[in-house]
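Letters A, B, C, D, E and F mark the chains in the order given here, with residues in each chain numbered from 1 onward.
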């Protein structure tokens, strides 16, 4: 994924401001004069990989076109605890009203980038790629997948539309019709979507072989142990790419990578990353 | 908060399906006949407090009006590991296409409800209420605050619009004009928004006294230690309600509650809850 | 309320132009060359308090970014009959196409500001605040409430979401359960929404006392006569704020204010203000 | 205009509920049980011509599909003071939350219908039609024009798109090019929009003649006195239709109608009608 | 129709980009650096009348505000084969991602303009105007009608809202009530929509006479042969305008125009124009 | 592609009705009573392959939920001239107002299906698949691609998001960096989007070989003659799939198919299909 699309950023910021500001920021309207100016530094309180700063910037720009922002870090950069991410200067009202929404974006996306970077670091040198999954917050998928790339991970499919992924549940109807349901499914998928890749989920080595014989482009090795993974990788070498998946954590990811799989997909990157601790220090 | 509003549910489900299904679920379209039927059980693999099931149901109904659902648990109910949440019957295509989106909703919201319930349990008997914060996922605030109530927590303000919350940064401009900035801010807020409550953030006992003298309705005791909290609560008794806030975790929450504060607000409820493990078991 | 939010202005102007211009301003397209320039003065034909000029300006800017506008009056300013409000210069097509929409905004909002100012003037010196109500044109609430502030009035709650207002009809179910329904209702409201103010509607002095005993923050004195109002105000002094409401008009408002009530809410400000007479004089 | 279009009704009701209910009706959620039932009568407290009841009905249906409504009057019907318009039965929460929005619609639209009916009554027997203008509340045009028809008035053009209306300001550029600007304008309009009617605004009898000679379909007689109107009508007979306009009120409208004009357009119908007094009486 | 409205252009471009780019242009993101620059000429490969260039320009501007465009032809201009329409310079990613959408707009709209120009050329000197119809691509009407004017054609009604067009099917219910259904229909239409023109569809000379006697403004001569057309035109002279319609093609249109009809409406202009051949030549 | 998605149908129908009906169908409102009933047959006047009927049905259902429809043909079925497609019964107003929009959908989509079927017929028995392109009407892509499948064609990629397609213009920046730009591009694409197929456009046999060596999944043979195509197909056999493209017409398509290419993509299917002749015959 390249940089975030401008319209994606705008949509997210509008939604967030609508929800938080609603009929108006009553505290700021009552206590802060329209003409007051302020500046503030966004600073991280723990070591992170930064992501989501364009969303924070747009949040402040939406609230006042008079805001000026200087960046102190790049997206995807490792930033030590207590270092600044950006410095915002402009109408005090805009800074105060936008503070929480801006932080919500950066804390959450940097949380994903930071966790991803830990997985990427763990498999360094093995040749395995860390992939995300579809286990994302509804409405946030492209933001979260972008944060994964900031952390050095790669993107799996974006959704149900850009590749064929045949799981066991897709085969049920075909089993009644054909002795080799995996082969039948791949054939149908190729006939209908001749330009998409086909991946097959395999729980056993037997299914791996069926998928290979039927010409799958990728094979998802689901919840296999290290022995099974190593055997599956051998079988697939030169015939299809392999992806390990299922309950993968930081402690175990390197051993999995060392089995030789091409990809390791990790749901936790997006479904269980915690927000990192970032704050806005005002100099008023 | 009462039950989720129907339009809130619809908006979230539409967004989630648009993002995941996009131009079409190619795998299902290629492999599963339009007329095939299926049923599936949504089951939790760990002990949780359930939340978000209406979103899952609407996801399936959106995909086919022929889907039938039987609920096995209520929102806010504690459900043991390996017990069912609901059973879905209908066109196999709808079940397969909706699976991930439905689970994304329930796993995430149940994660919040489950974490909230742990905090609520921890302070049981002390009289303190557990509150959420504005540290929510942009676009998801009302869903996440709903999940907090499922877990037995209470909702803080919904946004910047429904109460006045005076923090230190709001006082800067007033300090230049008036010797007692807190009093000046409260007075302005009451003049402009005579029907909203006014809360003041205090970092020291001196600020607590200023806020009390100026007639604040609530006082936010920010990052105070247990000694300070106990003294602040004594001062406020009968004059204003108190809220403890700042880096509160499960280990420390009971001690804080025992200082006698009225409310404890916990950002982690929404910004750092992990998704719980729930799956969909097909019987095809 | 501070100045109108930019997005509020844009939404209203888009809606208005979509409705009026639709598939195109056929007269202007047929008769006025694209390159013709024009200027025009917006002038009031009666003495008014001005409101809504930013909406008029945005209307013209939407139609052409080449329009220039000089303001001759500020929002909330009293403007004598036959004085100018603003001067618009730019493409003749934009001025002619936008004329009616721009005037519709300013005439209607200045009508509300002007009527509000008459009520505010009438109670001058008594200490009572003039408030608006929820009797606003659907879709126009924030605009109309803004116009009330331009006229020197204050805003009541924005909607059903930002304070608790217990009316007789809310008590019915509670009466079956509890001897003191008002007290029960206040208690439930405080439990659920600990950070919102609670107002109780009272038709009799007895209800005023129940509400006071139950700890209401505000008491709405509905349709009471002057004697009742004076007694109610005495009872409430130091315990709760008071608001008079119900069929209040310009002739009677001062006497009500002199009873000592804190607030007087007037539905007519928004539901029955007439549009004031303002025109656009072209100098072509 | 026929009955209101369903999508028009939905859009207006959604907007109104979004604005009033926002993040939730806190009072009702806190005090009224989800299962409580109620019924209420919508009753007028003055004699009116009814309009807008479908909007009120949709408001309640949006809040609960379990609501039942019995109509006691038809749109456009004259209803005496203290008579019912409709009776609503259903979940108490839906009735209480929807009350204000429903009344806002019916009070405002019935206000327009009632005022229109007074103008229509005043010109009865003269053959003149009462028309509305484009002086409508932005975003409400089709609703307000519908209310005019409920009161027995007729609709003028819907906007700038459905007929050509040449005013003095449109002629400026043409005057430089051609001795007879009115004729030039009509010719251009007919060339470009061969299927739309052309109306010309005339302030003097001389302009009336120019417009007639140039073949206008209708002539707008703007701010003429009764003598001028009568002369203009004579000139136009058999050649073009006539419309009187400009500062017309109830006292003077009959004399204008008796000059023989075909149409009388009255801005006040929509820009200055007051809301009529209608209430909801609960039987809980 | 004047130039395309800016908001119309934006809506169409957004829709087109959303559909084509979706979750991202994967090829360009993977292979072209963000900083690479490029330029390209849009050139026609056959002789055309140009239309739609503002849509192409907006497509590129949407993708990057750093794009610069020089126009080499005007809308509505005849452009010989192999000549340039515009030259685009800017970020290579924007040019590559926008290429297809930009061409889709210009090829399709220039196709309509080019076909229209052939019809206009064919009737040159006869006094007949070429009109479009409502047989347009849903969602594209204003764009397609604009392209017709680029080719020298005129616009018929925009939709069902801006004139009355009585066809045989509208008369059925009236026939039961009245001996002269055409007269009854015209009378009802004039009563309800006094400011719109009334056209009547006639299949026979008898119907032409009924429509004339009832005072129709225009008469649609549907599927008549040349003899019938000539007779109908004679009857209508000085009483109503005439429009020929029904299966008109380039070969036959001049003979129809020579019968003296005022208008000839041609569905094929919009429903069957083919896209012309235009390409983008990169100089990278 | 499976059947059209319901939300796709709704969006298209809403857009089309908004555009055509706008502020109201004035003719029908004036002349046809609300209670009148009618029925009508949609009949084709030439032999077609039918497509788009669900859009026509939804058009009528949107206008009245009392409409009943009986289908006389299936989507994708060949229907002889003068045979019926469906029969619509219901309120006369709904049938008259919806007629044009309903026909616009079916005529245009059946036009595409019919043209596609001619191409499919022409290559019958050769093993080549007919594919569409991205040369679709903006906003209509999924409808038009659906119509292609009704005619027996297959869908190419849906947009820029679901596969990698490397054209010459993508290689420019890479040429500066690497001697083998095609190989570099494929490598980058695989690294970034490991789960998408990669196609390379080749204009010469040399490029075909480079693409094969670099491991392309598909090769687009652009504007090659029959000799070149045959040689390219030989080279690719067993290593990559082949697609012929560029100026392909009905006369030449079979010869191309006989070269052994896997796919033939035809822009004309969507960019130049004419609307077929279908009408609605009323029985009133």
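To be clear about the criterion, a residue touches a chain if its C-beta (ideal position, glycine included) is under 8 Å from a C-beta of that chain, and two chains touch if they have at least 3 such contacts.
This structure is a prediction, so every number in the text was calculated from the model and none was measured.
Common neighbours of chain D and chain E, by the contact definition above: A, B, C, F. Chains touching both chain A and chain B: C, D, E, F.
The pair from A-C, A-B or B-C that reproduces the interface of D-E, where over half of the contact pairs by residue number are the same, turns out to be B-C. For the touching copies chain A and chain C, the fraction of interface residue numbers used by both falls below half; the interface is of the different-residue type.
Of all chains, B has its CA centroid at the greatest distance from the CA centroid of chain E. A straight line joining the Cα centres of chain B and chain D is 46 Å long. One inter-chain figure worth recording: chain C and chain D are separated by 23 Å, centre to centre, where each centre is the mean of the chain's CA atoms. In whole angstrom, the spacing between the mean C-alpha positions of chain B and chain E is 53. Residue positions of chain F touching 2 or more other chains: 1, 22-24, 29, 142, 158-159, 161-163, 191-193, 196.
Within the complex formed with chain A, the chain D residues making contact are 22-23.
Within the complex formed with chain D, the chain C residues making contact are 12-13, 15-16, 19-33, 36, 38, 92, 96-97, 100-101, 103-105, 107-108, 134-142, 158-167, 169-174, 185, 188-189, 191-193, 196, 268, 271-272, 274-275, 282, 284.
On chain F, the positions that touch chain D within their shared complex are 23-24, 29, 34.
Considering their complex, residues 1-3, 5, 7, 142, 158-159, 162 of chain B touch chain D. Note for the complex: chain F touches chain A at residues 1, 129, 131, 154-158, 161-163, 191-197, 199, 217-218, 241, 262-263.
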